[in-house]
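A, B, C and D are the chain letters, set down in written order, and residue numbers restart from 1 in every chain.
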């Protein structure tokens, strides 16, 4: 056939083309990852020579989409502000910082592993991943690489894992969740002792979301209070998000408790609850854990939140010489305040790491940097960071240490006239407890 | 020896020697990837994608080939994962047996789910199965017994390769999951070409006619669910082995929308569709990983455009062009056998299937 | 069970049932007319919530403006959604996979809308000021917020309004005619290529108005539509796809089941109980409470 | 035949998918004329009407209404030009009341304004329909449904009517009533194309009769002519 002077039939030609194309797809896909990684790691390795002026890349793993995206935005802003300040002051060892953001979604194991793996492959100098898995499956990935890694997952299981596996580079920048319950019990006792509050009855209604975190806090509180002779009239779990509380409120109003203890970390849930509670309140002290620290809480709840108590094991200090400039700078840069926790702790942790990296003289000398951090006492906008033992976690003041310069203050706030007033502990407090208007 | 290949060949009547050769070459290339790739992030992404591919192959079978609108597949996947994970956690059973057990859990769950869907049609099936998935997720989230760990997921499990280093574990998982993908593809292809597959498509395209011809919806739907559930369970077990944990985040609207997009873009109801769709979207997702947030918008646009303008997905598009090309080839290759032009593609609403 | 339990159950039923009715009637209208399950309805609720936030909180204008604007904007968006995601597929209307492909395309629209909202407006939840604040103490401990009461009234008014529109007006009758016999309706001169987008616009507008109210309860944020979508799906399928009276009954029936479950058993198990009931209904009545296999609609 | 027919069909071709049902079909109907098309089932009578009214897009040929070519236009557009198609099995909206069904007849063609007067006229003409005004259409008997279908077609004036097998499935008494009504329409001046399987009932009203076989007209003529043609009588006259 004239058409086939080349000796290749059209069919054979197409087959060859198809195979080459499909093969190319596989190789291309794999090569794409490898190539991308190679280019960044080559820049990383060139950056690793200590004389280089190339920017230092740090990894930010935050929830950008999904349930915790609101928290994620505040975390990222805290990191951003710290980086901008450091860069404006000349960077770390004369090198600018760059942030590489990856989405941790809802911290599913595969997502976290892949995020950590990418940070390791890209050769970042430090990882700031405020939320991580509770099973710690991604920890070995960074443990092997030794990169200084910081989280505020507030979960004892994570620090246990670090201790058990002898990990030296994964730091929890706040105390574990186990300190919440006991901390509030101490506060309740003191309120009664100082006659600032007289419970209508020694009963409590406990409402908690059903994740192990909130559940653990609720259970420890229940146990500690039962020891002191209190009785739970209600212990109810729900699944976040939950916006309609009428049925729970029917039960509370049927049997008004002395304390309503609410344990959940979704701002909208707790705001919705207090709005609906205040429409016809019972004579109960209302404690809501953590969520009021998120700025949206006050916006969402408005004046309904006046009188509510809440606490956090990590929070931004008020009327404080270190925290105030941060508050101002944050508000200036983002047009909204930083709230009470994650923006502050991320800001602190980036600064703390940058100091350690500068001190070590090389941002990629992970071993020295980790050593320095472990032996640091750092006073940031959230109080004192100190990692006294192999758990590599902070401990609370006054629950654990009686010296405020050695522990992170476990802050209790009360919302008064739409403002957050720090009522405990001294010397950080900015006001004192006031009896809520409905009591 | 002479008997086996011929039997094998009859299971895949449209697979010529040439096609087998191409498939073989592709598999070998795929198997060599870990040798070339030294980046552990790339390996993690590849293994995760292959695991997702096993899930998509299983879902494609029940959704595309059997035509049952099962939107509970992610719950079956999760149940398989939890089943295998719990066995790895609390028993000294070989993790390989736990993997199989995950498949069995998936199959059993799928069979139980199949019964109430029998009398339902189309969209009602999808709601019932979706409700099933919601209940499973809810029960796991609310599990106070500590068995599943609620929203925090399972504590760390052994996995298949115990204490191997990250790099060698990644490679071992890659080859393991690749083998499962190949076997699953062969199984689905063989089944959909068998009389069972013909019956399933008959029930999908003309339920009344198929039933009148003696095809039992009960029996075939159960078989379809069982096979698809088994594969989904294995996928879940692979997930829990590789990631050493699993949490309820594997279920829900977002992962489901990504999986559906993969199936639709590749070509639902075809054998190669899930492979192409999963690979393509994995590449897109990886490329977008540094632009979190934009990813889902782009996926949504992709999905819309493909469904509206490329019915049948990429495989459907290719098969339409192949028809044109085969005419072009036929002009040249006048002695060629016409059987060559057969597709592995079943275009939606095709009428070529008759019920035996 | 005490009297306040019973009153509590009734109040919760009214509140929940009205929410469900409001988010589900649009979906029923679309299914009845176009034979598609519109997965973008939840996003319309989200858009309505954001409009409520923009008008009531940012601009500080009158709630009426918020409602009108939400109606108009989501009407337009719904029309556009139909033109983009359904109209190009209408030629496949009689094919076996029509329901499936439109399910997927409207789902894609929902994905796009909520992720664009995420990009543009950010992930924070925003409080939408209640259209009316305060509440009445119905009975010892049982409180009925005016917002919920207003929502219930608006919901009933809108459902009734839709009913009257469909029963009495030229275009309303045309919508029903198209739902019942497409060919015959075209022979009457009903321009279906315009009617379909308008129907989806109308349904979306109902969801958008629902969003203004739900914003005061659930807040405005990019995925604010997920829960209403799920609830609407449950209601329309429970009530029988495409049956308007069925939808209304189902909305309140589901509200009642959930209220009983919440008050008696507790929040934790109310959703699983609801799903369990629906599972049973579907097993014994595969087409829902008032649904029919195919022919009769709206 | 008049010089400018109200309805002209020329060289029409139509079908479903790959199969052509109507081929090379020509048909002229003058103003006020009743043209009856007879033919065996499955030879394209219904397809012809659907192709004229726009429910089915013809693949070739012309359909002219008062001299305007309407091929390729949508059914709703063609309906607006004054064509009314009463489909096989009535095409009533089953869940709507009789009155609502009648009102739908006035939807297009500018008839909505005068709907109340037209409605009153129809109730006058068909007392049976008036008695059922608020019943749902699906609860009616076959004969009643057919009358509602014709009544609905009358909601608009000055039209060309296509009527598909009005006698199908009716009892003889009901058939008589229906044809009486069609006779009324004729005397009211309507131009009608009527399709039947045979011409048992059409003698009184047919101006011309056309025999449709395998998709085309094989014989045309007046009722008087065709009713004496022995082959045609044998095939189509049935048991008169």
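Please note the rule applied: a residue touches a chain if its C-beta (ideal position, glycine included) is under 8 Å from a C-beta of that chain, and two chains touch if they have at least 3 such contacts.
Just so it is clear, the model here is predicted, and its values are computed rather than measured.
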item	value
Separation of chain D from chain A in steps, with touching chains one step apart	2
Longest centre-to-centre distance from chain B, chain (CA-based)	D
Core chain by centroid distance, with centroids computed from Cα atoms only	C
Chain pair with the greatest number of C-beta contact pairs	A-B
Where chain C and chain D are represented by their mean Cα positions, the distance between them in whole Å	42
Cα-centroid distance, chain A relative to chain C, in whole angstrom	36
Inter-centroid spacing, chain C versus chain B (mean Cα positions, whole Å)	33
Where chain B and chain D are represented by their mean Cα positions, the distance between them in whole Å	54
Where chain B touches two or more other chains at once, by residue number	138, 142, 293, 296
Where chain C touches two or more other chains, by residue	115, 118, 268, 271
Multi-chain contact sites of chain A, meaning residues that touch two or more partners	64-65, 210, 237, 239
Chain pairs that touch, as defined at the top of this document	A-B, A-C, B-C, C-D
Chain A-facing residues of chain B, complex	18, 22, 25-26, 29-30, 33, 36-42, 44-46, 48, 138, 141-142, 144, 149-156, 165-166, 239, 242-247, 249-250, 254, 279, 282-283, 286-287, 289-290, 292-293, 295-296, 325, 328-329, 332-333, 336, 340
Sites on chain C touched by chain A in the complex	2, 4-5, 8, 11-12, 15-16, 115, 118, 122-127, 134-135, 137, 140-143, 145, 217-219, 221-222, 227, 259, 262-263, 266-268, 270-271
In the complex with chain C, residue positions of chain B that touch it	69, 116, 119-124, 126-128, 130-132, 134-135, 138-139, 142, 204-205, 253, 257, 260-261, 264, 293-294, 296-297, 299-301, 303-304, 307-309, 311, 348-349
Chain D contact footprint on chain C (complex, rising order)	167, 170, 173-174, 176-177, 180-181, 183-193, 295-298
Interface residues, chain D side, partner chain C - complex	53-55, 74-76, 79-80, 84-85, 87, 91-96, 100, 103-105, 107-109, 112, 138, 152
